[in-house]
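Please read through the structure below; I'll follow up with questions.
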Amino acid sequence: METLKSLFYILIFPGLLFSICFGLILSGIDRKMVARMQRRIGPPIMQPFYDILKLAGKENLIPRVAAKKTFILAPLIGLISVITISLFIPFYGIYFFSGQFGDIIVILYLLTIPAVALIIGGAASGSPYASIGISREMVTMLSYEVPLVIIVLAVGAKAGIAISGNVTFSLKVIEDYQKLYGVNLANLATLPAALAFLFVIPAEVGTVPFDVAEAETEICEGPLVEYSGFYLGIYKLTQAVKMFIMGNLFVSLFLGGINFGNTILNVLFNILLIILVIVVSVSFVRSVVGRIRIEQTLKFFWTIPTVLAVISLILAYI
Amino acid sequence: MNYVSSLPIIAIITPFIGAFLIGAISSNKKLLPAMKGIAIVSSLVSLVSLLFLTKPILLEGKVATYWLGNWMPQEQMAIGIGLEVDSFGLFTGLIITFSSFLSSIYSVTYMKEDNALDKYYTLFLLLLGSMIGFVLTGDLFNMYVMLEIMTFAAISLTAFRNNIYKSLEAGFKYIVIGSLGSTLILLGTVLIYAQTATLNMAQISALIHNNYTPVTILALAFMMAGYGVKAFLVPCHTWPPDAHMSAPSSVSMLLSGVMSKTGIYGFVRLLYMIFFSVGMAKMELLIILWGTLTMIVGASMAIIQTDFKRLLAFSSVSQIGYIIVAFGVGLSSKSSIGVLGTLGGLYHMINHASFKCLLFMCAGAVLHATGTTDITKLGGLSKKMPYTTILFLIAAFSISGLPPFNGFVSKWMIYQATYEAGYAPVTIIALIVSVFTLAYMMKLAQSVFFGELPKKLEEVKEVPLTMSITMGVFALACLVEGLFPKIISKYLLEPAAYSIYNLHNYIDVMFTKGFAEKMFKNKIPIPNMTYEMAGYWRPEAWFVLFIVILIGFIIGVGISLNFVKKNNIDTTCNFGDKYGVFTGGEKEEFAPIAGGDLFWGLRHNLKGYFGFLEKAHSGVVNDYVTWVISCTAVLSIYLFAVL
Amino acid sequence: MLINYIGAFIVMILGLYIMMSKKNLIKIVIGMSLVDSGLNLLLVSVGFRPGGTAPIFITDLKPGAFFVDPVPQALTLTSIVIGACVSALALSLIIKIQEKYGTIDADKVRRLRG
Amino acid sequence: MKKFLAWFSLSILLAFSVYVSFVMAALPSTYNGISNIIVKNTIERTGAINAVTAIVFDFRGYDTLGESFVLFTAVSGSAVILRNYKKNSVTPLEKDLKNSQKNKSNLEIIKEIDKKRDSIIERDSIIVSTANLVLPISLSLGAYVILHGHLSPGGGFQGGVLIAGAVAIVFLAYGMDRVSKVFNAERIKVYESVGALSFLLLGTLGVVYGYNFFKNVIYNQGKPGMLYSSGTIFWMNFAVGYKVLAGIGFLLITMIGTLNAEEKE
């Protein structure tokens, strides 16, 4: 029974099937919202599904100079590891694998795997555009990792000191803290961190202001330049799932601890919140701002979000 | 117990005997295979004799002593030289012998082309023997002697390929800075002798336990600076990049992966044993700051390098920073945090040995196959050397701490330890340096193994079997250490950490029972080796999870794709424009982005910072000496002010 | 033995000064030897007792004579040999550097930098 | 900046070391530590009357072993550094070996050398006659020092260096050609290993007799103060002396060899 339950978690909810479907839906909602904000009708919400299916049916081209096995395996590894993260983040009150998982540092590191997979895949294609894309992807990572790390530590310090007198990395403890003291978003100490996190989400997902690594107009989608067909589809899928993961992470860190006493209601509310977060942090920003240059990305992340996160960290200790 | 107690001396002496045997038969060039055999067998013998020691020492927690010349202590004074093997020494010794054994196998093919191989193996065995001797001895002056053998052997091996200008320059810088470090260590030893009139470490630690006089404080400053040189702590880190890039790779893996551990060993013995400074917040702060500085400078310098091995050497500097930070936290007065820090440091020691040896072996494989380590001239080797590429990627992921590889576990312990000890900025810096590590490793991967293959490298072949097998062993070690942290922690790290804190037993075994208590007047509490992780991480479970999802995904995709279209991957067809890389109209051979250009933008944006660092590593020996001396001066000011 | 200690330390610091400021590689090696000599002087002085004789049990030992500390002397022997070895290795390296670089100026022997 | 750093750190170190010197001068003599017991034990348990040699070869013999290893390492290292690097080729040392292995009687060699000396180089007669005088003295003094290591100041290292000085004297007086004729560098290197090995084996005697490594097992042979006394210390002096004279001699020959090469260029 335990095995079946675990298999259900892994394969159906919130693992493989759910995260892929919900990620794609999120991406559809995002596209629809942006379109409405720009006074367009926009594609149907199910459009990402059609895109992926179309890509899956297309021919796969592998360049002559590419390292074939790495080129093929990199996107798969990225997607799978991003799906595993979904099992590490609790839904409202539901801890998969009885709360054993849920360490923020683990999640931070697992979140780098898809980026690394993108980099390795791009490198394996042997294209000069991919090389430039890799460099930019790496620098983007360097930029947003700084505030992200501080945010996570600030929240961990705030919750851990209140609960057990010692800092914590556990999402469960953070959720417990929010149950007792109210959500973190409403907390003055962690509010700056939440704002900073909203800035980090678009960079982590790779959408417009910070998507210079995959800029179509300048470097032909960077690392993805040689990808086609099914494997390009996997990358798109990874991006969509990442959107879900980041939204859920935000909800657990800053909006957790709300309990209606009913599991299904909880899950639905959680899903609603995720959609809201993504709309606020991705769609709004995307439709308002243009793409910024790589050194602007670096400068931006090392100033405003970092300062916000540091303020939060200091407040957490006071 | 008798055979156990003579095992340490066998482990030390066998490599030396092997070295002299090689020297004695060196005039006959036909005996070269015999020399290789002697080298491999002697390193194997010392590995095996240390493995025999694991049962009584690591598992049962005993401490083996061996008084050379039967000069047992008389009237509570150690008149002879005693070897003392506790779990920590054995732990370091196992790292040393294991890596050296594999390196000796690796060098058989790697060094095939060079001349004067008899001297190579002689020096190799001298290096090995002195490293083991350094780790297992219980005498302060003997440590210095072993350190000198080690330094000289390392210098000679650095300058082994003396047809290249850089190896000579590196050798000279190494001998100036390295012997300056040794001199500082000897100076500290002399001052300690003047104070305590003995040279036995256990007795010294009993005599100057928390009894700081000006003499011992100055000695501490000198010895810290000296071991800082040996363990590449900033600003005494200027020789390893030169030395590691010019030495043959089979040696630079030992210099970088293993010899740095002896420096850390000395550091830990100094701080935890001779000067028992556990619980001193000021000392803790100093060590943590020093480690953090090392971390940052190493990573920043690594990201702007264009030579494979030089980059790896700077990365070593940065990783040593992690270890030192962890041992700094280990000095914390709160025992649970301290234990976590020490365990993290020990774990990172063993991890660093595995992945850094593997990385240097990969660099050696590239050098062996192509003849250069300049990453601007390399590229696309993954098609020609697929096996090396996979191993390199494993090592790169390990060092940058991607789960489920080994670097992640130890770094995680270090983050938690620093954070719980209240050094949040250090944790943040450590996390960011980890991303920097990933960045320069990706730079290497892109510019050496991926990207476009230059025309000159069309003929490159995969390395021979003996080299790839030894590399594979290290890769396996990386995986095992990453997947089973609980087992590693229980059987290797916890005994070692326990013995670091168990000063009483160390002294009592050397002298008589109760000697330590008499000297200390109060018993030092030994912290419990239990620690609580703030979160939870079961790598093997994650691995299973990953596999399950992978299978599920493949099945699901397979079913759904059958509905759409039969998906065929056309890999046989290799010609035609369709399969060329998109270069925007440029010819392919003019298009590639070289490794040096990869982080050009970052370097340009932060040119003030990187420019300062580059200018500081000026390459002039005098400047490097100035740095070491100023480091000593600053240390002595701090220690005199604090203690 | 105050004057010996201070003298030894001053010799060492002079050696360090030479290592820091002189650009000729051979002079740097001389500085290293000077530091070693100062160290040996310190080591021997540590074991000295005013009025002591050499620690050899000769038959015509005066009544009431006492020995100086023999241990530092033994250590000094080791230290001297090691110092000589340092010089030998460093000078061999300088010979080869002169061959390859054509100079032994520290400002010019700096192709490994940055 | 660098100047400032240098002066700053040197003055700091000077200040602290002078301060520490004052403190050290007030410390009690170190003789009351381990040395006191060592001196007490010297005659009965080692058989040597020179306490320093007893320490060097018995109490802290392991250090001396390490010290001779340092010398061995440095000599091998110098040989490695000064060799001509070639991939799979003969070293200059091997060429020397081949030259010396030509079948010639000693008399012929000496005659040839004399001819060469007369024809090519005009040596300063003062140096030559002084060398002729000093060479035997230095050799016998070296042998004396090695032999009496356990009785009087000196020992294997000092005596070995004295004997190895012969190479330098021969070079000064007769030039490089004579040195390469008289001394076979490669074989000397082998002798060094043999010396080190015999030192190690003497140390291993302790294990053979059932004691620990480096135990002076035959210390009670002979009367203290006589020439043959003090057990293994006597023999270790020999081994170390042999090793050092071979090692330093080899070092000198290699270094002189490079000088010669430069002259030719």
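Letters A, B, C and D name the chains as they come in the text, with residue numbers starting at 1 for each one.
The rule is simple: a residue touches a chain if its C-beta (ideal position, glycine included) is under 8 Å from a C-beta of that chain, and two chains touch if they have at least 3 such contacts.
Since this is a predicted model, take the numbers as computed values, not measurements.
Number of steps on the shortest path from chain A to chain D, with steps defined by chain touch: 2.
The greatest centre-to-centre distance from chain A, using averaged C-alpha positions, is reached by D. Nearest to the overall CA centre, using the mean of each chain's CA atoms, is chain B. We define each chain's centre as the mean of its Cα atoms; on that basis chain C and chain D are separated by 17 Å.
Averaged C-alpha coordinates put the centre of chain A at 62 Å from the centre of chain C. Our note on geometry: chain B versus chain C, Cα centroid distance of 31 Å, whole angstroms.
Centre to centre, using the average C-alpha position, chain B and chain D are separated by 34 Å.
Taken residue by residue, chain C touches two or more other chains at 12, 16, 20-21, 46, 71-72, 75, 78, 82, 85-86, 89, 93, 96, whereas all remaining positions touch fewer. In chain D, the residues that touch at least two other chains are 6, 10, 13, 17, 20, 24, 30-31, 34-35, 38, 60, 63, 66-67, 70, 73-74, 77-78, 81.
Residues of chain A in contact with two or more other chains: none. The touch graph of these protein chains has some other shape, matching none of line, ring, star or complete. Inter-chain contacts, as defined above, occur between A-B, B-C, B-D, C-D. Every residue of chain C that touches chain B in the complex is listed here, in rising order: 12, 16, 19-23, 25, 28, 32, 35-36, 39, 42-43, 46, 71-72, 75, 78-79, 82, 85-86, 89-90, 93-94, 96-97, 100-101, 106-107, 109-114.
On the chain B side of its complex with chain D, the touching residues are 6, 9, 13, 16-17, 19-24, 26-27, 29, 66-71, 74-75, 77-81, 113-116, 119-120, 122-123, 126, 129-130, 133, 139, 141-142, 145-146, 148-149, 152-153, 155-157, 159-163, 168, 171, 191, 193-199, 213-215, 218, 623, 626-627, 629-630, 632-634, 636-637, 640.
Listing the residues of chain C that touch chain D in their complex gives 1-2, 5-6, 9-10, 12-13, 16-17, 20-21, 46-47, 49, 52, 54-59, 67-75, 77-78, 81-82, 85-86, 88-89, 91-93, 95-96.
Interface residues of chain A facing chain B in the complex, by the touch rule stated above, are 7, 10-11, 15-17, 53, 56-57, 59-70, 72, 76, 79-81, 83-84, 87, 97, 100-106, 108-110, 112-113, 116, 119-120, 123-129, 131-132, 134-136, 138-139, 141-142, 145-146, 149-150, 153, 156-157, 160, 166-171, 220, 225-226, 229-230, 294-295, 298-299, 313, 317.
Remark: chain D residues 2, 5-6, 8-10, 12-13, 16-17, 19-20, 23-24, 27, 30-35, 37-38, 41, 58-63, 66-67, 69-70, 72-74, 76-81, 83, 85-91, 94, 97, 186-187, 189-190, 192-194, 196-197, 200, 204, 206-207, 211-216 touch chain B in the complex.
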